[in-house]
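What follows is one structure encoded as structure tokens, with my remarks underneath.
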């Protein structure tokens, strides 16, 4: 077995989209991928030192934020996001070799799989019963075991379980993707690449009408683009929210750093979740990740403007 | 059986918090409550005319927005929210009469029940196995059937299934509540009560940095308070969101109407979800719902200001 | 003499830039132009019914707002702006025929003339004494009377006073212009032309830090462009200001009307000063005024969007 | 005569409100006060080294900003504001001893004096002729010389010219005040006192509709209060403005410094005019100036919040 630091935990079992995400981040075989039973267990593997990294889903373009991941990042022992990868979610219908459509009486998959394939199922398997499974790969295992006749899962899961792909691309929305993050223990940040994302959780100081606008202004006034904002309940009652915010740029950049300081001063609390290379969505589709988006103002220019303003202020203050 | 119009569908089975919400909205026995198997089925009961009303959960103070409800409201055949009620989520441990803590080997409940009772379970039942059920009430049924030894459910479920309450208030967060809505077919709106809420879904026209601030400004500039904003993916890819927005006031009020017209002009699309009496959280705890929150500017004053401004403008335009 | 209603009062005497502005607005001889001794007297001519219209300067591109005009519009008996015209301010050196540069010992003009010609005077008449006059035309009269040797005035003043133009274009800033307005008694507004301006004075309800931003938001949120904002003291102490605001569009347009209603609701007071055809700066130079600026969203499109939103709201409110 | 550095130039002649302002700032006789003929000459006395300080009016609560002062500060050779003082503008009617009201046929004063005393003059001297003078003190001199029968001026001017106060407090608005500033050569700033003001001139980078809101946001987002904003033409044509902005706080304070850096990055140009003790209006009435306004958040607290945020950011960036 590998050194713990060389292991990467992921939300298993084998054959999930999450395994595919972990493989995209660690394409060779130098990093051992270790399947875990739940998002909590996957993240705890890093916290306990059993693994150096962990890959979990954070956001689906169909289902939205993954609550378990968000809540662990916001309220659990601190972890840092080190990387992200975007994986297209394309479902196949996996069966035992020799099974035909007409043979499928009972089928299954993860609960989120079914609504994503609703149209195909209505047209092709209107009478099949549905049984939800712990994961798509779990459903595939049940097909292999003879407990189900068919499973909705990624086609890459077929060979793990000795199954055949009876139909591919059965998802209704051809552009469905899921964003996965890789987290590690707190410590040095990934170096800035020129195309980075920074993630934080912000808790409003109070719930006056303009409180959310005040938060957004902290970014806008420094020219920092937000790529995502998602509200989550804080658990303290209806109407009490925190906000997961992703912005463009590395926290090492002046404008991002100043925006985060602004949040820190005006919010009840802010938790920094990481700065990491941004996965371009298109490049993510083939698992390459992290390419530079060309039409963005270079971070160096913005930093130079901040440095110029700082030296101007310094001259003013010193009467120079 | 009652006339369809007199039926109220709810997310069953019997003994769920949702049934309790429906009972709070229809306290006597003049309205027949009909349990449905899923949120989709509950809402479809109204769409098909099988029921006049339907009650479903929309937001948990612990788990956040209920995706199935939000997605049905945003993208399914139109429905109108007619009422809301807030129900405290207090879990009890239900067992067959005579069962002691030490007898509980296998227990279950809805997947969201377990994390809400994590601390109590760790302290009192650290070794019990957990099996997730379709609903808390389903777990109670399994206890009655002898398939489980204990179920996490509302204490009101005990009598439906002939069970005993072994422990009450086992949830970690004593203030957990769930907000339920009652929907009906499109048609006349509930009359304004002076303490109302209006819900919409807004789709950004584009994703320029300030797009969300522009939406919030439409409310702020008319003095309309937002009580909730939640982003949801539109299904068109990472980074494409719509926003569920709850604001205070009835759409019949001038300031709310003007704010919604502003949204309509500046957003790619806006779907109106309803104007309905606001459930005060405290009053909701005892199922009364809909009381006026005292420290709010009366809607009549705001409307009078709008009317004054409109007649002022009219005088200007006509040179009067 | 003409009927009072056919008279147009202007800030005299003859030969001022203001007379030129009045002539540009009334090019033929159907309207009798009547010179008045001060801005107050010019405006009072309309208030008393002695004249149907009055032309006064409101803003200089060099000197800024003309206080007397602004204060009369804000606090005097109400008047309506009916038109505007922009006149280039080009000074000539007027002398008695036969006078050479070396003969000029004492010269004069309106106090604002001198700083606008500072460089030319320093280079060409460094030793001439300066005596300020009530107006440029008054200085020209004094030259004619032999009391001064030269006057800074518009070249068009020369023939009124039998003077010669010794030097033309002696102003330092070749692009200096003054904006003049024509006002009339309250009554019907000029019809919308598709390229109009609306002017108001807004008094802040209080002086909280964001009060001015709140005012600006009323325009921004409806997509109304501001062309000018100028603060003026209210006379109630340092730190108490009102704001003269010019925006693009006619008050009859939905978006302008709604923005003004927003001001009315949120400000302590708003005085409407008028909606009138916008003078394009270039067209104003040759006295034509009022041409359409091409790259502006047609008012009809904006009005159609407002009408669409209003009918959408109406359908919502009536459950249609 | 004193050393030039010990001289304080002011807008003369003797007996003006400006002399009173200079006396309030230098109450003893250690600083020699030197009268100058114009605002330009007063400021040039500092630029040329003839005086160490200069006192000029910058803002009248009745007339608004003093254009000559603003334009010199914005576009002339740089000067720094070192102090401010607010002087109540109370006019007296000065006459030669023995003159009665009925004896006054011709009177005079600075052009701004007359409108401030309009009501008193209408009630008491409706038939007296008015001749405008270069300053109120100049009118007093003319009274002493027998050229005028009465002058509107500060009562303190009487003894300079051997005149008597026939009536006091003849101004209509009892609260009229003028703010004067003392400027010096560029160099070290006055130390922060805990109640300071900072002044800048900002030139918009372009004139898009929200440009002014963007400027205001730079202050609002850092919690810096604006005490004054005034637009002035840049001389480049109608519609091109710069903005004189006064904010509360010393540029040495973190939040003010950061706001100014934000201006510097987003504006076409920013000129810093100074940080100096704020004159409380009431204390200014008796010439004491510069007292602390109690209900303001202490600058030390704001600075501590900025320091806390900066060290938090530092920990994040270094992975500590």
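Just so it is clear, A, B, C and D label the chains in written order, and each chain counts residues from 1 on its own.
Keep this in mind: a residue touches a chain if its C-beta (ideal position, glycine included) is under 8 Å from a C-beta of that chain, and two chains touch if they have at least 3 such contacts.
For clarity, every value in this text was computed on a predicted model and none was experimentally measured.
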Item to check | Chains touching both chain A and chain B | outcome: none
Checklist outcome for this item: Matching the CA atoms of chain B with those of chain C requires turning by an angle in degrees, to the nearest 5, of 180
Next on the checklist: Using mean CA coordinates as chain centres, what's the gap between chain A and chain D in Å?
Outcome noted: 58
Checklist entry - Measuring from the mean C-alpha position of chain B to the mean C-alpha position of chain D, what distance in angstrom results? => result 59
Checklist entry - Listing for chain D: what residues touch at least two other chains? => result 217, 220
Item to check | Touch list for chain C against partner chain B, complex | outcome: 80, 186-189, 214, 217-218, 220-222, 251-252, 257-258, 260-262, 264-266, 272, 305-306, 308-310, 312-313, 316-319
Item to check | In the complex, chain B residues that touch chain A | outcome: 59-64, 67, 86, 173, 175-177, 179, 209-210, 212-213, 216-217, 219-220, 224-233, 235-241, 281
